[in-house]
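Each chain gets a letter, A, B, C, D, E and F, in the order it is written, and its residues are counted from 1.
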Amino acid sequence: MTTVKDFNAYREKMNGKILEQGNINMKRFFALDTSTYQEGALDVKTKELLGLVASMVLRCDDCIRYHLGKCREQGVTTDELFEAFSIANLVGGSIVIPHTRRALEFWEELITLD
Amino acid sequence: MTTVKDFNAYREKMNGKILEQGNINMKRFFALDTSTYQEGALDVKTKELLGLVASMVLRCDDCIRYHLGKCREQGVTTDELFEAFSIANLVGGSIVIPHTRRALEFWEELITLD
Amino acid sequence: MTTVKDFNAYREKMNGKILEQGNINMKRFFALDTSTYQEGALDVKTKELLGLVASMVLRCDDCIRYHLGKCREQGVTTDELFEAFSIANLVGGSIVIPHTRRALEFWEELITLD
Amino acid sequence: MTTVKDFNAYREKMNGKILEQGNINMKRFFALDTSTYQEGALDVKTKELLGLVASMVLRCDDCIRYHLGKCREQGVTTDELFEAFSIANLVGGSIVIPHTRRALEFWEELITLD
Amino acid sequence: MTTVKDFNAYREKMNGKILEQGNINMKRFFALDTSTYQEGALDVKTKELLGLVASMVLRCDDCIRYHLGKCREQGVTTDELFEAFSIANLVGGSIVIPHTRRALEFWEELITLD
Amino acid sequence: MTTVKDFNAYREKMNGKILEQGNINMKRFFALDTSTYQEGALDVKTKELLGLVASMVLRCDDCIRYHLGKCREQGVTTDELFEAFSIANLVGGSIVIPHTRRALEFWEELITLD
């Protein structure tokens, strides 16, 4: 059960250090990374699915993990998740498969945490 | 008004030639490219938005154009589109901006075609 | 002599349209795209060279053109430019060569505009 | 001697879970991932080298490992492998070097397993 | 019949200008771009197919065109080419499709030039 | 304090093995990887910052670590480093954030090693 917690703890610790350094443009970028996913013309669930698929085709495991956590909070089902996986694999190609394996492993852990 | 029509005509002509050659795996890949976006646990509109954002962060103008056409058919509004744009730009970075410019130009043409 | 002017005009026109639509996160992203290159711990010339090389390895011709214009304003010499080219080609690989060809063509036009 | 076995075991386990979930497009994609490398106008050895170089320039370590295993089965020699490495590094740039280091380590383990 | 000739002429002209500037590392990189594809443990035909697939998954149209010309010189058949296309599309995803369309158009022109 | 040393040791060991195999084009590529960063029209510090940002937007952790070490040797300050980080994040997008977290962790270790 440690992967989710370890991931969140490391992410929080290092994000804190980045913000503490005080670079104004890094702080603005981090603020934008939050505001972009907030409720708007599209709902949060759709936006998190968009963030997930974008992260998958760009093959960023940590970004995938973050959005999986948010998708879980938004009530995304496993069937819906696999539809997002299928689009990411089709568009991004078979190089997305290893990230899909790791994404599913993280998702299974997220589900058991409830 | 020619960009949309020219794009569709060239795409259709060359896709036809690719399929005619008869390579079985290319044909399967094209078939999968259709079936993946069909109604399922996620609706077609959401899936087309996922395809659009994936295409934007991977910076494929022709893919963007194709999904813009589909998003228009699915009733995506300009406000919703810009939310997808904002996620694509945030996740993919400022290199997505030139593709956003061309996407908006194509979208404006799509709207005038109705 | 039209490539530079056409590029700047199209960029300005479409950026204007994107901002007019009023999506708050797109506006913030564009603002950040400006502030990030301003004088700070690193001077503007170095930052523009960083933006140029990042754009080259990510193979974004329009981004390359934009930063070439800024590099020219900052007094980057052709010898310095080629050193940036050599790093971009080494790190990004031979797929950067076609972008280097187009970058040089644009640079030559920029020089004649003075 | 554990890296090869661990890699194969994890890959097999998670691929099984992905297929079990029953998403039809993911299943088709996995089937295509197999059929595309089968004997055809090009022999399997050439196709595996193509898969290897594609995986290297896209910098997917797990994909590289998979194709290294297949290349070994097809009788690719270390000299041939290094020629594939040299093309991947040239085309993909110096960012491919770290993946080349890990690929060689995996290859050395594969050789000792015979 | 002009695309092939125009491509080759522009490529030759700009490569000449890049070399004339005299940056030693750019010259070495260009020399390496030639020597890497020469006969060795792998034959030239295989190496050009590797260069082609690498260029396709990295989605560099000009690189694709260059390697298509070389593949034609090496006697690659259309059936063999489509097998390379199928691997590039599978590994690189549906974003490779537009490049496959343009590759086929260029290939058809190359064939008529004989 | 082991990450920096482990990274350097593994890199040195595997680079040695790659060079020992004797592939002439791999050796030339490695030589070019050294000569490209040498003093020229741009100073070494600027060139290392260019290598760092290129590595960040291409998201190569090992490349980032290598250039962080070189930046440290060249006297890059933490404030300057964060300006490079801000450009890499802006141009490459939020997928660069996880690499920024790991880069900062490595940088903090580098500082303590003096």
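Here is the rule we go by: contacts are C-beta pairs under 8 Å (C-beta built on N, C-alpha and C of every residue); 3 or more make two chains touch, one makes a residue touch a chain.
Here the structure is a predicted model, which is why all the values come from computation and not from measurement.
Trainee: Report which interface contains more C-beta contacts, comparing C-F against C-E.
Mentor: Between C-E and C-F, contacts are more numerous in C-F.
Trainee: Looking at A-F, C-D or A-E, which pair matches D-F on over half of its contact pairs by residue number?
Mentor: A-F
Trainee: How many angstrom between the C-alpha centroids of chain D and chain B?
Mentor: Taking the mean C-alpha position of each chain, the two centres sit 30 Å apart.
Trainee: Taking each chain's centre as its mean C-alpha position, how far apart are chain B and chain F in Å?
Mentor: Measuring from centre to centre gives 36 Å for this pair.
Trainee: Rounded to a whole Å, what is the gap between the Cα centroids of chain D and chain E?
Mentor: The mean C-alpha positions of chain D and chain E differ by 23 Å.
Trainee: Could you give the separation in Å between the centres of chain A and chain D, each centre being the mean of its C-alpha atoms?
Mentor: Each chain's C-alpha centroid was found; their separation is 26 Å.
Trainee: Which parts of chain F, given as residue numbers and ranges, touch two or more other chains?
Mentor: 25, 29, 32-33, 36, 55, 57-58, 63, 79, 82-83, 86, 89-95
Trainee: Which residues of chain C touch chain E once you look at their complex with the stated criterion?
Mentor: My answer: residues 59, 78-79, 82-83, 85-86, 89-90, 93-95, 97-98, 100-102, 104-105, 108.
Trainee: Tell me, which parts of chain F touch chain B in their complex?
Mentor: It comes out as residues 57, 89-96.
Trainee: Under the definition above, what is the set of chain A residues touching chain F in their complex?
Mentor: On the chain A side, the touching residues are 10-11, 14-15, 17-18, 21, 23, 25-26, 29-30, 33, 55, 58, 60-63.
Trainee: Can you tell me which positions in chain F touch chain C when the two form their complex?
Mentor: Those residues of chain F that touch chain C are 32-33, 36-37, 40-42, 46-47, 49-51, 53-58, 63, 77, 79-80, 82-84, 86-88, 90-92.
Trainee: Along chain E, where are the residues that touch chain F in the complex?
Mentor: Residues in contact with chain F: 24-25, 28-29, 31-32, 35-36.
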